[in-house]
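Both of the next two complexes hold chain A, though its partner changes from chain B to chain C.
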Partner chain A sequence: MAVVPGVSGLSAVAPRAATSPRPSSAEGTARARGAGLLKPGIVVVVLIVLGLFVPSVLKSTFYLGLLVNAITLGIAALAIGFLAHQSGLMMFGAAAFTGSATYLFAIAVTQFGWNAMTAAAFTLVGATLLSALIGALVVRARPLPFAMLTLALAQMLRSLVMVTDFRPITGGDDGLALNFSGTFFGLTQAQLSTPEGFWPVAWLALCGVMLLAWAAGRSRTGSVLRAIRSNEERMRFSGFNTYLPRVLAFTLSGFIAAVSGLLTGLYTAFASPELLDFATGGNALVSTLVGGISTVAGPVLGALLYVVGQDQFGATGHLELLTGLGVVLVIVAFPEGIMGFIRNGIARLFKRGAHAVPNAPVKKGADHAAR
Partner chain B sequence: MLRVEDLSVSYGSVKALEGVNLEVAQRGILHGVIGPNGAGKSTLMDAITGRRKPTRGRVFVNGQDITHQSVAQRRRLGMSRSFQRTSIFPGIRVGEQLELVASQLGETDLAGIVDTLALGPVYDEIADSIAYGDQRRVDIALALVGQPTLMLLDEPAAGLSTSETVTLFQHLATVVRQRNVTALVVEHDVDAVFRFCDTITALDLGRLLANGSPAQVRSDPKVIAAYLGTAA
Partner chain C sequence: MDFSQAFNIAQLANALALASLLTILASGLALIFGLRDVMNFGHGALFMLGAYLGYTFSGLFNFWAALVIVPLLLALLGVLFEYAAIRPLQRRSHMDVALVTFGLALILSQVVIKVWGTAPLSVSAPPSLAGSLDLFGHAYPAYRIFLIAMGFGTCVLLAAWLKWTRSGMHVRAVSQQPMVARMMGVNTDRLSLLVVCLGTGFAGLAGVLAGPYLSVDPAMGASILISCLIVVVIGGLGSIGGAIAAAVVFGLIQVIGALISPTLAVMAPYMLLFIVLLWRPQGLGRGRVA
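This part shows the complex of A and B:
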């Protein structure tokens, strides 16, 4: 089809090439994408394997414990960040899903007498179904009511586990201590209760959910979700169902949060009402804001900084004051989070490099690619 | 093609559209909708496309009653639209958004749309970073994807200069003939409408004033009195 004569004068952009880049075929794009992922894929596998040897290098139970805490918090933060990035909805009550997962695991072990593997599977399935159900009810809400709805849900669940009638099941105020039978991927409860023993489980779980979130972001559903976030009405007028993808994103976010809750149950062998409290969800929320939502690594980095900061600030006796000050400074200095700042810096660097080479393509908006 | 029967829309006690009957039978034409502010032009577009529920009346496309279909269903049935304010996907590359919509609607000639609307040079650009005129064409391209039979364009030239408007209408005239799609175009630039549209509907205060060829509408005393004035 020929270019209409005279059309190039329509906009202020002057003068144009007569031919246009053609939309590539899906097959060709997929092949090119697959080839482009080979080298980064090898690097990721090497990093995952190297990460398993962290306890051998760190040789400090205390700092390894901090890293384990950062991982469980980081996964919860990733659940928030994934949903925020994909659908523009910020979850204030992530504790509803992390906490309920810990409780589901504890109840499966203490009440049903299931072994660790069965209880873990039950936990992930149960918490994911819960998030799908809740998601179906709340994703239509606008961002602020959505945030408050998830917060209310967490507080409601917190009250529920403390209801006297449910005390035999939930342990009420005292929470539930658990001793599980069997092994979890070959590790006994005693092994899992130490940072060294728990590390491979935490590390592989973190890598797994990060890869899952990354792959989901790059999938067609990820593209649909970002387009819905960008302009929902246009998506509806383009023939898309804008509801189901958001429920799907919420459910995946709930699953990721459930992994965090399950790790807490496996590591601490204890479920308490505080796990459902806003403060618990608030830690994950702050970590998300500190790290930034535009990459899967951002929330995890935020959680690491948050946990280390809490440790250092706690030693001064001014934990809340210094935490608040630090969070304000980071958010003001890095509105897109620290990873957002790093990503933008890298993008600017590449752009400058590309300008230095004549005809080199300049890629704008690293948002999608970086995800 | 498109038949509107006794279409009425009310906002509370205000009747934005009252008993409008309209038929556009021919494919591959530009049909202009004109009228002063508050005439009900955009409301008519919204009611036809399902953005706003009519209080009375029915809408038929290709003989099928679509009055109660969702906007997504209408789109899949071949009705597309653009909006008064540019409605593209900010933050997403032009090509990526066109390909996404094309994959949803089974469009096989996206390259043809890109060429026809001269979007090649901005194909890899982030949509909200390109010039306004280009954004308007992306908006139209999004409406063209999926081989629609009926396209409703709400002030596609809003914010463009006179020369840009003329060029845009040249585009539209080419597009509707090449792709055999009928376009209903709401536009304030009366000169462009009379120059490029094959048929025209004039509205005023929510009612149909006139319907016909540009010459018929231009010489209609009611249209002259309500909208065109003596300058016409």
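This part shows the complex of A and C:
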């Protein structure tokens, strides 16, 4: 008994990760914190606004399309990374939450005939409720059974949508092609289906969920969560509720995954059983680990590298072979992911410790995604 | 819904045939997990490689030769796996190692496709097992009976080894209390080499045995891997007995479910996993609580 969740391997990143994002927040007063955040805050806002103009700089529809794909994958990867970092639970079946969101959106549009905005709101609320429900059941599981449970959930949903009895609703293995009426924040379906038109939606969604995940990590609940991750028993003895924060984290992670699924629905206007496949969740999982889980930018950077890598590898005709090699090499060479490697590199360069710039992760990610 | 048909002896035998294949694979997976804490996502690919090698060696010599040679070759591959992947990464997190095995599986399956192509191949059962036997009034393929015998024979041997030999005792000790076992002077590295070879060898054995039973194609590894993972988790991580019991339950549910309602059959394994894990988070067996 008494197996500490931290022992489950994530301990390698735990000590630094637990302290680094907010060195000052513990002792700093709210005012000091607010003042400290002002300057980085301006930088972040400027980066977000600058990011909106990416399509006018990057003229190639192909590369812009890749970036949009990287954003959708990156948000899903962020959902996995957030939960892994805050709770030490690795979601193997992230596809269950991204895919079910796409399906919810598709069903709301095709079955209920709702317009895009209503369907999108319904999707986010529905998927979040679903993940709260699932989270209430599964967060008690230990990391490996947890991974298997979420994987099984994805597989189960995948089988469910293929069932012939549900064919009228889910479209079976043909999937559901959507034709949504109305506009999504003033954008019609035709506009959303081009990378240029979709860019602002994807970009703002990415910035939104990154800020959300970052703020959640900085919050008191975030600290409690990481404390639970490193020693659940001790936290319980200290009088903390160790269950609710984890359900909360899971729900937030499910919400982030749902944002990714919704983006897929809006952009591709298609829901297919492949979205619920192990491989889809696998892409996000690999991106997460390639990028590193201890920052919010890591998974997004990982997704960018993954999408670019897939494009490059695909051109050679040895996609899976090179993907396999890439995964093995990156994981062996970068224990804390590429982002961890970059952070350590910067820290070593400036000899100021890894926590020199509290906001570096957010800026870095924005920077990379915008490139 | 015809229950009398669902529960006849032939269906039971079918369930056992599937279960015996799963048991061989899952016990290998459980052994490696118990000793090294490595969830080997490459197990499906090893199984596939075993099946393809089985096809080649059956063609070159005969089925029986393949049944001996292939597990030995896969055990050799296990040596490589232990020295090149598991040992250097033993201080890394579960997920890192799991993903490395996943990457290795991708590579291995591509190599298999390069060598043997993507077309499904079929292996015929050896002549002595090609016919059918009379099983309580039902004609039943002899090969499946052989498969069941092999599956459960392997399990009995494995259980005997674990229960009555010194190295088996060490394996059980490390699986249940890794730290304590190490403190008592059990050489985990040496043991792990043995166990990983055994695990990969078992995957090869299962692959050869699967040849005449299933078709040999590149997708066979991935589809059985998830079943295997479910079996191992339901059985209790690191518990061999639990894995065997879970494989039998899994086989029964899948085969009988397919007869009662195909809809139910595809969902049943996952429902089973959910129910078992929520009811008994440590799984059915007396594995480690980790």
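Everything that follows uses one rule, which is that the second predicted complex is superposed on the first by the 319 of 371 C-alpha atoms of A that agree within 3 Å, B and C clash if a C-alpha of one lies under 4 Å from a C-alpha of the other, contacts with A are read in each partner's own complex, and residues count from 1 in each chain.
Methods note: contacts are C-beta pairs under 8 Å (C-beta built on N, C-alpha and C of every residue); 3 or more make two chains touch, one makes a residue touch a chain.
Treat the numbers as computed from the prediction; the structure is a model and nothing was measured.
**Student:** Under the stated touch criterion, which partner chain does A:153 make contact with: chain B (first), chain C (second), both, or neither?
**Tutor:** second
**Student:** Does the superposition put A:163 against chain B (first), chain C (second), both, or neither?
**Tutor:** second
**Student:** Quick one: classify A:223 as touching chain B (first), chain C (second), both or neither.
**Tutor:** After superposing on A, A:223 lies in contact with chain B but is clear of chain C.
**Student:** Touching A:40, do we find chain B (first), chain C (second), both, or neither?
**Tutor:** A:40 sits against neither chain B nor chain C.
**Student:** Using the touch definition from the top, say if A:186 reaches chain B (first), chain C (second), both or neither.
**Tutor:** neither
**Student:** Could you tell me if A:317 is touching chain B, chain C, both of them or neither one (first, second, both, neither)?
**Tutor:** neither
**Student:** Residues on chain A in contact with chain B in one complex and with chain C in the other?
**Tutor:** Looking at chain A, the two contact sets intersect at 1, 3, 8-12.
**Student:** If you look only at chain A, which of its residues touch chain C in the complex?
**Tutor:** Against chain C, chain A makes touches at 1, 3, 8-12, 84, 90, 137, 140-145, 147-149, 151-153, 155-156, 159-160, 162-165, 278, 282, 285-286, 289, 318, 320-321, 323-328, 331-332, 335.
**Student:** With touch defined as at the start, can you tell me which chain C residues reach chain A in the complex?
**Tutor:** It comes out as residues 39, 88-89, 91-96, 99-100, 102-107, 109-111, 222, 226, 229-230, 233, 237, 263, 266-267, 269-271, 273-274, 277-278, 281, 283, 289-290.
**Student:** Residues of chain B touching chain A in their complex?
**Tutor:** 49, 51, 70-72, 75-76, 80-81, 83, 87-93, 95-105, 109-112, 114-126, 129-134, 137, 142, 145-146, 160, 163-164, 167-168, 170-171, 174, 178
**Student:** Which stretch or stretches of chain A touch chain B in the complex?
**Tutor:** Per the touch definition, chain A meets chain B at residues 1-4, 6-13, 16-17, 19-23, 26, 220, 223-224, 226-227, 230-231, 233-234, 236-241, 361, 363-365, 367-368.
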